[in-house]
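Look for chain A in each of the two complexes below; its partner is chain B in the first and chain C in the second.
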Partner chain A sequence: MRSKRDKLFLLSLLPLSLSLLAILIISIITMVLKSVDALQRFGFQLFASSGWSPENEAYGLLAPIVGSLTVSALAVLTALIFSLPLTIMIAEYLQGIVRGVVSSIVELMGGLPTIVYAVWASQYLVPLLKQFLMEPLHSALPFIPLFSCRPVTGFSILAAGISIGISTVPYVTALTLEAYQSIPSIYREACYGIGATRYESIKIMISLAKPAIVASLILGFARALGETTIAAVTVGNSMYLSSCLFAPGYTVAALIASQFADAYLYPYAESVLYVSILIVVLISVALSFYGSTTMIRWRSRIIV
Partner chain B sequence: MFAVEMNNVSVYLGGRQVLKGVTLRVPYNTVFVIMGPSGSGKTTLLRVINRLIDLTEGARVEGSVKVLGFDAMSYDPYELRKLIGMVFQVPNPFPHLTIYDNVAVAARINGVAKSRREVDEVVRWALERAMLWDEVEDRLHDYPHQLSGGQRQRLCLARALAMKPRLLLLDEPTANIDPVNARKLEEAIVSLKDEVTVVMVTHFPHQAARVADYVAVLYDGRVVEQGPAQQLFLRPTTDIAQKLLRGEM
Partner chain C sequence: MYSWRMLREKLFTCLIAVLSLLAIVPIVHLIIAVLINGFTVIAKAGINFFTNLPPAPLSREIGGIAPSIIGTALMTIISLPITVVLALFAAILTTEFPRNTVSIIIDAVAKSLASIPTIAVSMIVFTLIVMPMKGFSALAGAIALSIIALPYAYTYFSTALRSIPAMYREAAFSIAMGRWGAVMKVLIPIARRSIAVGVLMTIARIMGETAALLFTAGRFRTGVSFSPTSPADAIPLLIFDYILSPYETWHQVAWGAAALLLLAYIVLFFATKLIVKEVKL
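Presenting the complex of A and B:
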C-alpha cells in the first residue's frame, strides 16, 4: 500500500515529466506543420535528389540525409574504437588514483563545449587525417569506391565522422562502462571459477555485455546525428553526393546551421529545412527509444 | 596426503577478521561437508581454497593452504583454479550462452576438449553426471533463463564438471531449490566421489547426513568441531554442533 503522502509526491512530479513529453510532442507537431508546404510542393522528389539553389526553387535532401547517416556511422565506429578499450582499462586494469584520474578526464571531455572539438578538429585533426589516413588509403586502395577520390582539403565526410566520433567517446564510454560495471560479480566469479585467465574472463564479460554495448552505440549514433558545430566545421559543406568518404559533403545539422538564417528569403527554403529536421529528429527518437529499451531488457536479463 | 590442508588460516575482509585460525584436512575422494550458521565464514573458506578471495579488494589471507599437493598461496591462481570446479551459492550460468555453450566454455577454456566431437562428448558426459541430461537433451540451444532454478544450479554443476576438476567446491548448491531437485543433486554429488574430492557447504543437517563422509562445523570463523560424519552425527561434542545438527541454528 502506498501512503497518501507517497501518492501526493508522485502526483507533484507528474506535471514536470509530462510537460517534458509535451514539449517533445509539440515540437514534432510544429515541425510537421512547417514541413507540410515543402512536402506538398516537392513530394518524394525532395529525398531523391541533391542540390540546393533556393533561387531556382531546387531543393534536394538526399546528400545531407545520406551524409548524416554516413557521418554518424563513422562516428560510432570511431567511438567504439576508443570506448571499448577505455571501458576495459577502467573497469579491469586501472586501480585507485590512476583509475579516478582517467575516468575524470573522460568525464571532463564529455563536458567540453563542442566548439572546442570543432576548432581542434579543423586546425589539427583534419590535416593529420588527410596526411596519415586519407592519402595513404587512397593511394593503396583507390579501386574501393569509398577511397576512390583524392582528398583535396581533407574536410570531408570521413573527417566529420571521426571528429564527431571523438567528441562522443565520453558519452559512449559512460554508457558502456556503466553497463559493464553493472554486470553482477557472480558472473566474473563464474569466469575465474572455471579457470579463465583474465583475458578469457574479459572476453566472456564483453560478450555478455554485447547487447548493452550495441545499445550504447545506437544511442551514440542518435547523438552524433544531432551534432551540429563539429559537423558544420569539418564536413566540407558540399551538396554533391559522392560515394567517396574523402569528398566534402553535408549533414542535415550542418545544412540547417548554414542555411537557416537566410531561409526566410525564399518561399520554400524554411519548410524544406524543417523537413530535414523532422527526418533527423524522428530517426533520433526512434533510435534512442530502441537503444534505451534494449539496455533495459538486457539489464533485466542479467540481474538475478 | 590430503586434497585440502589448511593450517591456522585467518582471513581479513575490509579489516574484519572473518576466518580465525581455521585448521582442517580433507581426505581425497570424500565428500567433506562444512556446516555453520549464516555469516560464519563458509563461503569465505571455499573462496580461499580456489583463491577467488583474490577478487575481493582488501582481502588478506594468513596461514598455510595446501590444495592437491600445491601450496595454494604461492601457486599461480589461474593454474590452481583449473584444477578446481566451483558451484556458487547463487546459480550463475552465463545468461548469454546456451545450455550447451555454458558447459562447453568450461571444457574449452581448460583444454579438456578441442574438436567439436570431443566437446560434444564432454558436454553430454557433464550433463549426465549432473543429472540434467534427460531434461535438456533436446533443448541444448535454449538459454539458462528458460530453465528452473534447480535446473540452473545443476547446469552450473555440469559446467564445473566439464573442467574435469580434481576438486569440487559446492556452496549450498541446493539452497534455492525444491526437495526433488535437491535429491537429484545429492545423488549426483555422491556418485562423483570416485573421480573428485568434494567440499560442500550446506545448511541442512539431513542433507549433510545423506552425503557427508566428513563434517566440519564452523562458528564465527572458527572450526569448532570436525571429524568423520557418523561419529559427529552420533556424538557431537560441542553445544554448537548439537544445535546445528538439530536444525536449531
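Presenting the complex of A and C:
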C-alpha cells in the first residue's frame, strides 16, 4: 500500500520534472541539426581560417574560437590573482563585522547583472587599462609578440579578458572559499602545534586545497567561455587573428551577438554560427562536468 | 633566520591585504560610478525617464525607458511562475527520491543546463519559437529566460529542501502522513524562507539577463506594449544596444537604465539578507 502510494507520488512529479531533460535534449538536437549543413559544406576548413563575409559564402571560425579561449584564459588568470588573496583574507585574517561586510560584497558582486559590468568596463576599465597597462607594456617590451602592437582604442582581447575576469572573481572566490573552509581545522591546529607561522600554515592549507582551487578555475573558465555581454562590449569585434593581446578580436559569443540577427538572410551563415556555439557548448559542458566531479572527489577525500 | 621568517610573515600579510583590496576596489568603484552617473541622468530627465519613449540618437532630450521597464516587468511576470513551478517539482523529486535513477539524471541535467552559455539558449529559442511564430515576442523572451533561470532555481530549491533535518520528515510519517502530505504540509512550510530567497534570486537573475533576449524578445522601443505575443524590449537589452552605439545621448540613457537595474538588484539582494536573518528553526 505504502509503496504503491510512493510510486503514484513519484509518477505525479515526473512529467514536470522531465521537462528539464526534454529542454536539454531538444537544445542539443537543435544545435547538432543546425550545424550539420555548414559542417558538410565547409568541413574542416571552417576551423583553419578566419573570415566572415556571408555575401561570398566565405566563413572561418579560427579567430573567434582562438579569441574565446584566449579571453577565457586571461579571465581565469585575473580571477586567480584576485580571488586567492581574497579567499585567504576572508578565511584567515578578517573577523566579525568586517568579514561579514566583505563576504556580502563578494556575494553581491556574484549575482550582479553582467550588463552592469559591461557598461562600467567599457566606459572606465578599458580606457584605464589602455593608459596604465597596455601602453607601458608596449613601450617597455615591444619585442614580445603578445605586446607587439600599439593599443589603438583599448578595446581588445586583453581588455575583454580582464573585464570578464573581474566579473568572474566572485564566482571563483565563492568556490575556493567554500573549499578552503571545508578543510578540517585539525590541519591548521597541527601546523600551529609545530610552531608554524600564519604564512607557513596558509601555505600548507593552500597546498591541501590545490585540487579544489584548480577545479574552481576550470569552472571559472567554462563560465567565462560563454560570457556574452561583457565580451561583445569590450573585445573590439575584429575578425583579424593577431598574436598581440592589444589588438581587437572576437569571441564566439561576441560574433554571434553581432551577426546572428541577420544570419538567416544568407544560406550558411546561421549554420556556421551554430557550429561555433556547438563547440563552445561542448567545451563548456565537458569542463563543468570535469570541474564539479573533481570538486566532489576532493571533498570526499579531505573530510575525514 | 628568525628575523627572515618574521619579515616574510609581514610581507605576505601586506601582499594579501593589497591584492584583496585591489579585488574589492573595482566593485566599489563600479557601484558608485553607475549610481552617480545614472542618477544624474535620471535627475535631469525627471519623472519622464519612467514614462517616456527613448530619444532619437541626436536629440538633446534624454527621454525615457518606459517600453523597456514594461517589457522587463512583463517577461519577468510570465517567466517567473514557469521557472518556479518546474524547478520546485524537480527539486522535490530529487530530494524525495535521491537514489532513483530519474533523480540522478535530472540532477545531472540541471548541472549541464547551467553550463550552457545563455546566448546558445537565445539562438535555440529563436530557431524553435521565434521562426515558427514569425516574429519576436515577449513570450519567446520569457521562455528563453525560464530556460536560463531553471537550473539556478532548481539549485536554490533543492539546497533548501535538503537542508531540512530528517527528523521532521520522520515525524510527519509517524503521524501517518503520506509523502505528498509531508512535502506540502511540513517540508515546504519549514523551508519557506529559503524558498522565498530562491524566488527572489531567480527574479534577480531573470531581470538582469541580456544575452538570452538578444534574438528572442525583439527591440520594440517605439511604443509601450503589454501583449505577450508582440515584440517587447527589456532594460538590459536597451543598455546593451545603447552602450554599443556611438551616440552620447544614448550612452546617457544607458547609464540611467543601468543605475535603475543596479538599484533593483541591490534591493532584491538586501531583501534576501533580511529574510535569511530571521531564520529560526
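Here, the second predicted complex is superposed on the first by the 282 of 304 C-alpha atoms of A that agree within 3 Å, B and C clash if a C-alpha of one lies under 4 Å from a C-alpha of the other, contacts with A are read in each partner's own complex, and residues count from 1 in each chain.
Definition applied: contacts are C-beta pairs under 8 Å (C-beta built on N, C-alpha and C of every residue); 3 or more make two chains touch, one makes a residue touch a chain.
Just so it is clear, the model here is predicted, and its values are computed rather than measured.
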Contacts of A:Pro85 with chain B and chain C, given as first, second, both or neither: second
Touching partner for A:Ala118 - first (chain B), second (chain C), both, neither: second
Touched partner set for A:Arg299, first chain B, second chain C, both or neither: neither
Residue contacts on chain A - larger count, chain B or chain C: C
Which of chain B and chain C A:Arg99 touches, first, second, both or neither: neither
Chain B versus chain C as contact partner of A:Thr197, first or second or both or neither: both
First (chain B), second (chain C), both or neither touched by A:Leu13: second
First, second, both or neither for A:Ser207, with chain B first and chain C second: first
Touched partner set for A:Arg188, first chain B, second chain C, both or neither: first
Contacts on chain A seen with chain B and repeated with chain C across the two complexes: 197-198
Chain B partner contacts - residues on chain A that touch it in the complex: 184-190, 192-198, 200, 204, 207-208, 210-211, 301-302, 304
Complex interface listing, chain A residues touching chain C: 5-6, 9-10, 12-14, 16-21, 23-24, 26-27, 30-31, 34, 81-83, 85-86, 88-90, 93, 102, 104-105, 107-109, 111-120, 122-125, 166, 169, 173, 197-199, 202, 222-223, 225-229, 232-233, 253, 256-257, 260-261, 264, 273-274, 277, 280-281, 284-285, 287-289, 292
Parts of chain C lying in touch with chain A, wherever the complex brings them together: 5-6, 8-9, 12-13, 15-17, 19-20, 22-24, 26-30, 33-34, 85-86, 89-90, 92-94, 96-97, 100, 102, 105-106, 109-121, 123-124, 126-128, 131, 147, 150-151, 154, 178-180, 201, 204-205, 207-211, 214-215, 236, 239-240, 243-244, 251, 254-255, 258, 261-262, 265-266, 269, 273
Chain B to chain A touching residues, read off their complex: 50, 52, 55, 78, 81-86, 88, 90-96, 105-106, 109-110, 145, 156, 159-160, 163
